[in-house]
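Read through the structure below, which is laid out as structure tokens, and then see the notes.
Naming follows writing order (A, B and C), and every chain is counted from residue 1.
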Amino acid sequence: MKSNLTSQPTYTEVTEDDAGWILSNTFLILTMQTGFGMLEAGSVSYKNIANIMVKNCVDVTLGGLVYWVAGYALSFGEPSTPFFGYGNFFVTAATVADTGRQYAHYVFQLSFATAATTIVSGAVAERMQLQAYMLFAIVNTFGYCLPAMWAWHHNGFLGSIGFFDFAGGCVVHGTGGASAFVAAYVLGARYKRFARAGEEAVHYTASSPVTALTGLFMLWWAWLGFNCGSTFGISKDRWKVAAKVAVTTLNGSIAGGIVGLVSSFVVFKGRFNIDYIILSVMGGLVSITANCAIISPAESLIIGAIGAAIALFAIRVIERMEIDDPVGAIPVHFASAGWGTMCVGIFGKNDFDLLKGHNGLLHGGGLYLLQVQAFGWILISLWSALFTAVFFLAMNRAGILRMSLQDELMGADWVEHGVRSESVGNKIEKIIKQMN
Amino acid sequence: MKSNLTSQPTYTEVTEDDAGWILSNTFLILTMQTGFGMLEAGSVSYKNIANIMVKNCVDVTLGGLVYWVAGYALSFGEPSTPFFGYGNFFVTAATVADTGRQYAHYVFQLSFATAATTIVSGAVAERMQLQAYMLFAIVNTFGYCLPAMWAWHHNGFLGSIGFFDFAGGCVVHGTGGASAFVAAYVLGARYKRFARAGEEAVHYTASSPVTALTGLFMLWWAWLGFNCGSTFGISKDRWKVAAKVAVTTLNGSIAGGIVGLVSSFVVFKGRFNIDYIILSVMGGLVSITANCAIISPAESLIIGAIGAAIALFAIRVIERMEIDDPVGAIPVHFASAGWGTMCVGIFGKNDFDLLKGHNGLLHGGGLYLLQVQAFGWILISLWSALFTAVFFLAMNRAGILRMSLQDELMGADWVEHGVRSESVGNKIEKIIKQMN
Amino acid sequence: MKSNLTSQPTYTEVTEDDAGWILSNTFLILTMQTGFGMLEAGSVSYKNIANIMVKNCVDVTLGGLVYWVAGYALSFGEPSTPFFGYGNFFVTAATVADTGRQYAHYVFQLSFATAATTIVSGAVAERMQLQAYMLFAIVNTFGYCLPAMWAWHHNGFLGSIGFFDFAGGCVVHGTGGASAFVAAYVLGARYKRFARAGEEAVHYTASSPVTALTGLFMLWWAWLGFNCGSTFGISKDRWKVAAKVAVTTLNGSIAGGIVGLVSSFVVFKGRFNIDYIILSVMGGLVSITANCAIISPAESLIIGAIGAAIALFAIRVIERMEIDDPVGAIPVHFASAGWGTMCVGIFGKNDFDLLKGHNGLLHGGGLYLLQVQAFGWILISLWSALFTAVFFLAMNRAGILRMSLQDELMGADWVEHGVRSESVGNKIEKIIKQMN
């Protein structure tokens, strides 16, 4: 069947109904910042909770400014090459008539761009200097914008060969995850996080599992705005795709969560570990993001279940590699995202012609789409890893990347923000005394 | 006047505008999970806060899977008898063209189904085993689906005789409330919750009134999605009903809250008790839910005020009966819900022909509608109570219902999840020491 | 160009699409109550956190009832004089057909009215009696309704001369801010908040920066509903304005936040103060609210940046004046709001004829609009200040305004609500012991 929609967001045919849909979902997607903030604040030590919220705030302010100045231009600007756009800097509607389309598209994309950087904040928590993170929030907007262009600009070279990423499973989560991986590696682990010969490891305690779970809940519902909103409208057949995406997204998270509960039950002998629950629901959600529009509800259960299992396996590998990821950003946004990107090539079905004539392996499309997806994921991951490596190594060389040991022990809330709330005040006094 | 809408949600005539409305409200309704989670986490003891959040998570994952597999089929499937449906298992759109209608309807109903189970989690908090609760989350989906079918399926026998429940005041809250009543009764009270001869009662302290009130706020606004979204669209005259429902729902909660403030002022001699505020706002909201579309703003004030008074009275009766309900789920979702269901028969007015020609007692319709509503409420409550009783007694007999005394004293956060956050860790150490 | 929209909300031409937009944004605006509650609860001392949430609850219940009874009638009722309306008391749709328009308009305006009172709750925190605040929540509805009428009623005298306030930068925030200023002044500072000769000042510690920042995040995204929803629809060209407003609102907050980060870096020598971040993001948001529809994205950066700088400067002036504002309500809602109101006259451009033929200073409109805006802001501020002064002085004279010193020291959570949560209980015991 020939489609009357396009698989990639476009702003050429936005109606008033579409605009309402786009804006409402943009508002919902922005609550992901609240969700990520709470999930991370609940997962890190008590002495770093305000700091992690500030980092999420920085993602929106610094990242948002850069996106307005140049990020959107690189991603969606005209004129363009297949590799980057170079128009629409300092985003401003050319004509009054164009106000609606241009701005609705921009603000929706902005909510995606800020999410990509936020993912990294968790992986580098409790030890990266805030100023270095600020620089990263600025430059990472570029790190994200090029993959977005390759996949989603009508002229992008990945999209042209059939690469499909419905809601950013690879473009947002994959870039964020690869970036988090490299960032955590270069930065090194928290103080005595891993046991050394003759020394015991320090046990880091999450400040508040309830706050973390509240953050998970917020992300969960906001994710529906993220995925369903990626229809970029409800006119024509878009509302049908949006309704389907709501079902597959929920099913992915449901299957993921169940895998987490069962795994925890087995591994911890009857106990239900909070980290397992968070990792598996998130793993389900991330793995469904690239493919949610072109799979069936039953397939979404399989994809989410495997995505969660991959996240739970990956966290072990990462631990074994002694890479320190305080909130579990890497297993979810790197590993599960890779799986979800592949799933397009495995389970994809060309309903509404979203796949432009292609089909996945299980629907008679052969290996083509799977190869394209693998190529896209590897390329985007490599780009993101390389980009982050260069930046983090340079910061490290300049000596501004990592907090001093004393600062790390005292916690960023006091060192970077002067926070001495009733709950942390006493502890800091103790640490200060011990140090003198 | 002859209506161009139906009183019960139907998916036969969904437009793109309707789909946008349905999905946006579904996203909002899902935030009720966050709201219930926070309200409950703030109301229980500190040692059980993560556990209650996990229970809310289980409602979505296990409950959601069962609803997709069979719950929706029983509630809204075709073919059907007047008592249950038996088609559309493993919900999947039959044709691509049908994608939008089917999935929008499914996902909206799913958000209702998960809410029904969540209500019970509060009443059984701090003493029910998590594994038993998981089984309950699975089977209760069936407990909820049949009442939903009777009232809302076009073929349901209660709907056929004129039973009206606009947004689930009886179907969702009534079933949840009756279930909570029986569950709390069978389960028994928390350790020394009520004083025995020669022994003092243990005073259970809410972990965080602010968290509970934040949860209340979240529920409050999400309730607008719950009630207004139950128009199941905005096309034709549906948007008019939705706007009216926003006013009556807010008015119901406002009158409820004021009754709570005044009552507390009188009872506690000038003090404003947090539990009173929460119970009364919730009582107002629940009591308005069944009737919000067919009453006037002035009537909604009366209904909400009486609904709150009933909740405040009911909590005393339940206390007197020595039934232990840590978050006040029973007075609100059982007692206020019953009142709200009756109000359809008292205050109902057949605007937009939502009542299919009937009118309530005060609008010249005589006793017919009131009798139907009473019949429906009693039947649904009995069904729900019976269903829960059988399940809970069986679990009890099997010895897997209630936590051991030691586990209960140590708290589910540590026993079931191994949570040893900085805030609870020390206390658990103490309890462990005391025990050895 | 001649417009097919009106600059002020009107309900004469609401379509089903508009209704969906209005209601969805109303739901979002109500989350500002959650946001304000958390921002304030996180900013005050631990002993007053439940109390501040209850105050936000009172704003909706008592304030909401009064608005339904008489507030809407004064603001938007017909018939009307240029100074107040006097119809539509006890808001009820005249005909079934009118249900949609009337109620959608009412409920949207209600969400604005409750916000205006909420602003004051922060400035009077930790020392004002709850009962006095309740009376204020009732009467302040009138304090807010008249400015709203003058600016937004089609017959209002300020609107008639061209005064423009798109989303309540002056009408909501300006009135709230002026009110907060006078209220905090009359009430006096918290116990030993400012140093006296020979005495040290008491250092008041915010209960939880994370809760405050979470509240900021919630307000941030809800603000998009506040500003974008003020198009009062998406039909005709309204969706274009809404999309533009999303961009300018975000840009205003972004520039504001960056000013806060940079200022804090300079003032605190490398530290990023949480209060600075909150004040500056809020300052950016408030200053953009009146003008967001009639400025460009670049101008919104300038407006937000200056608005934040003004808030940061104003907090110093207020401190110097020894006016005690525990959450920084005055600098933001008074000072930044004044700046934002002026910006209409400076940067305003008559796109979509929203300014009814006028233009701001920088777009060739001369001084007319600037003068009108200044006149409106001064008038509304004076009205609000006077209204609040009379009420607060009367309460003071009656001896029911301020908590007793003992109550203030013990905290409102215990004194007014009997809250003895695990976290505050011990502290209260200590205070009680010290007192005996």
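In the analysis below, contacts are C-beta pairs under 8 Å (C-beta built on N, C-alpha and C of every residue); 3 or more make two chains touch, one makes a residue touch a chain.
Just so you know, these numbers come straight off a predicted model, no measurement behind them.
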{"item": "Shared interface numbering between subunit C and subunit A [over half = same, under half = different]", "value": "different"}
{"item": "Angle, in degrees to the nearest 5, of the Cα rotation that carries subunit B onto subunit C", "value": "120"}
{"item": "Whole-Å gap separating subunit A and subunit C, where each centre is the average of the chain's CA atoms", "value": "33"}
{"item": "Touching two or more other chains - residues of subunit A", "value": "17, 20, 24"}
{"item": "Complex interface listing, subunit A residues touching subunit B", "value": "1, 17, 20-21, 24, 28, 45-46, 205-210, 213-214, 216-218, 220-221, 224-225, 228, 234-244, 246-247, 250-251, 253-255, 257-258, 261, 268, 270-274, 277, 281, 296-298, 301, 351-352"}
{"item": "Contact footprint of subunit C on subunit A as seen in their complex", "value": "16-17, 19-20, 22-24, 26-27, 30-31, 33-34, 37-38, 41, 49-50, 53-54, 56-58, 60-62, 64-65, 68, 90-93, 96-97, 99-104, 106-107, 110, 130-131, 134, 211, 413, 416-423, 425"}
